[in-house]
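Chain IDs A, B and C follow the sequence of writing; residue 1 opens each chain.
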Amino acid sequence: MAAGDWLLLAGGAWRTCLYSVAGLAFGLTLGLACALGRQSRHILPRLLASAYVELIRNTPLLVQIFLVFFGLPSLGFKLSAGQAAILALTLNFAAYSGEIVRGGIESIPRGQIEAAESLGLSRWEVFAHIVILPALEKTWPSLVSQFVLMMLGSSIVSAIGADELTSAANTIQSRTFRPFEVYGWTTLIYLGLTIAFTAGLWGVAQGLFRRRRVVGITLGVR
Amino acid sequence: MSVVQASHVSKSFGPLLVLDDVSFAVERGEVVVIIGRSGSGKSTALRCLNGLEPIDSGEIIVADIEVTARDVDLRRLRQEVGIVFQHFNLFPHLTVERNITLALTVVKKLSRGEARAVAEGALRQVGLIDKLHAYPEQLSGGQQQRVAIARSLAMSPKVMLFDEVTSALDPELKEEVLHVIEDLAARGMTMLLVTHEMGFARRVAGRVIFMHAGRIHESGLPAQMFGDPSTPELRQFVSKTLG
Amino acid sequence: MLRDFAFIDIVSLLKATRWTLLLSLMALLGGGFAGAIVTLLRVSRVAPLRRVAQGYILLVQGTPLLMQMFLIYFGLALVGVEVPPVLAAGVAFTVYASAFLGEIWRGAIESIPRQQWEASAALALTRLEQLRYVIVPQAIRIAVPPTVGFAVQIIKNTSLAALLGFADLTRVGQLINNVTLQPFPVFGTVAAIYFALCFPLSLFSRFLEGKLHVGRAGLARQ
């Protein structure tokens, strides 16, 4: 493989990172909304959120990508492959992360909520100060796993022509006719990304959850 | 005007009648202890006072706020009523200081500096000023419960409720908590306690209420309630618990 | 040649679903068998064996399934073995399943309290006998819900065979879309078929999980 090819792979890896982080940021936000929706006291948000989660989790990502990329233009939305990729990854990650966070939210002991309410905090204040960060902390390992799954799953967006690591590899191997070698290196790069992101997200946890730095990791839900 | 006034309060959990036409009042500076068997309705009665449990009928007025009104301002009510729970319910992800200053900054809108000063004062009163930056899991059960008391105390409530606050503690840790409560009582805090600590109740209570099957069975001065119970149920309860 | 999405297309899709089921079954059975071996290696007291299993799992879980599929397809071609795409895909899915099932089952085994190990060791059972008569029978109950849940993942992952050109449910959907240019009916039907396959399994997995916790609570009270 020539130097130019390595550059192409590096560029592809970078774009994979961008897609993944975008999917994480938008997806987690939407996922949180889903989690809250499923806990709503009104039946409509509960039904919508539940239906959404079940639809996403019981259909393949590839089909979801096709629906977004091929389907939305027929409704009048013009989407580039990259935009469709981010949208599909976001919608997908939201369903999974929403469920994970919902589990974390529900695991916060009732007593703490009662104590916070008894101090005069409103429902939103209780959520913001007492529920959300501990819920994220408890479910962090699951969220990291889910992120890695999404990052690796982003290789599928090559199917609609989006530019990332896998499509870069496709381009190179179609020119060099050495698919095993090219895909071999690409696989190792993905492995490197997995390790880097896992370590990085663990670092984020240390920063976000001050208690862990002081006392150590004991607040876990296994 | 009494600090706490409950009139003809009734409440059911489904088919189970938990509170049956309960009426009582607590005056300023009074220390009232509620005793009774498990399931007699004591904790429920306490939890109705700050709006944690809704009631089916009757009227409750605490610190001049009508708890039973439809549009009751819970935020204002809960600044006047402090409650300490059996299982402490400290917030594990926050330091002791932040546990106490959270409501002070968010609800009472104090500045961080003001809140910290109040927190330090409350911690000093329960004897834990050196644990300001500790996390709850680094403390013993008795220390955690004292922090919980400080957390409620810091809000300067007009009345404090104690729901079996030593029941979850090992025997050697109960003393430090009871000591703090006695001290609070001596300083004139209006208090309503549900407890199994009969010796403590006898020492500290200005008045004792005995609940049985959701009703107030007997009430009076501790010496009389423990020394010379009128009803057979109370007699049986006292002999069982005091041995 | 443009035409409308018609009943005949639905029939084609349903026919292609047979391949999806075949691939899923292959991955589940093959992956289950290999996964059991991975589990045994993973809980072995011989450190090198454990390392091998750990490395294998890391490699499979840290790289995209799509890459694994390409590597097997082109790798076999490299050594002169010309395999049809469906076989390469099947092997890739089997490898993928073996790593994930290996981890799931390891988790189940490790959740058995060490008192069970101690008690059976005190009865002079060898390690293999401990596993066979005491540990694994208990671990199976715990392992069933997540295994059923993973079966859902397997079914969804078979859609990747489409990217090797194999005529599975997703690929046939792509082909029909190319002819009809009606992505919503086409991929909507594809998604519905996957949903019909996956959703009942998801529900079943959750049902089993519920039953399991009732049982474990009873066990814990002892």
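In this text, a contact is a pair of C-beta atoms (placed from the backbone, for glycine too) under 8 Å apart; a residue touches a chain by one contact, two chains touch by 3 or more.
The model shown is predicted, which means the values in this text are computed figures rather than measured ones.
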| item | value |
| --- | --- |
| Fewest hops from chain A to chain B - one hop per pair of touching chains | 1 |
| Chain separated most widely from chain C, comparing mean CA positions | B |
| Where chain A and chain B are represented by their mean Cα positions, the distance between them in whole Å | 45 |
| Whole-Å gap between the CA centroids of chain B and chain C | 54 |
| Computed distance of Cα centres, chain C from chain A, in Å | 21 |
| Multi-chain contact residues (two or more partners), chain C | none |
| Chain B residues within the chain A interface of the complex | 50, 52, 74-76, 78-79, 81-83, 85, 87, 89-94, 102-103, 106-108, 135, 137-138, 148, 151-152, 155 |
| Residues of chain C touching chain A in the complex | 58-59, 61-68, 70-71, 74-75, 77-78, 152, 156-157, 159-160, 162-163, 170, 173-174, 177, 182-184, 187-188, 190-191, 194-195, 198-199, 202 |
| Chain A residues touching chain B - in the complex, by the definition given at the top | 109, 111-112, 114-122, 125, 129-130, 133-134, 137, 209-211, 214-215, 218-219 |
| Touching residues (chain side chain A, partner chain C) in the complex | 54-55, 57-64, 66-67, 70-71, 74, 148, 152-153, 155-156, 158-159, 166, 179-180, 183-184, 186-187, 190-191, 194-195 |
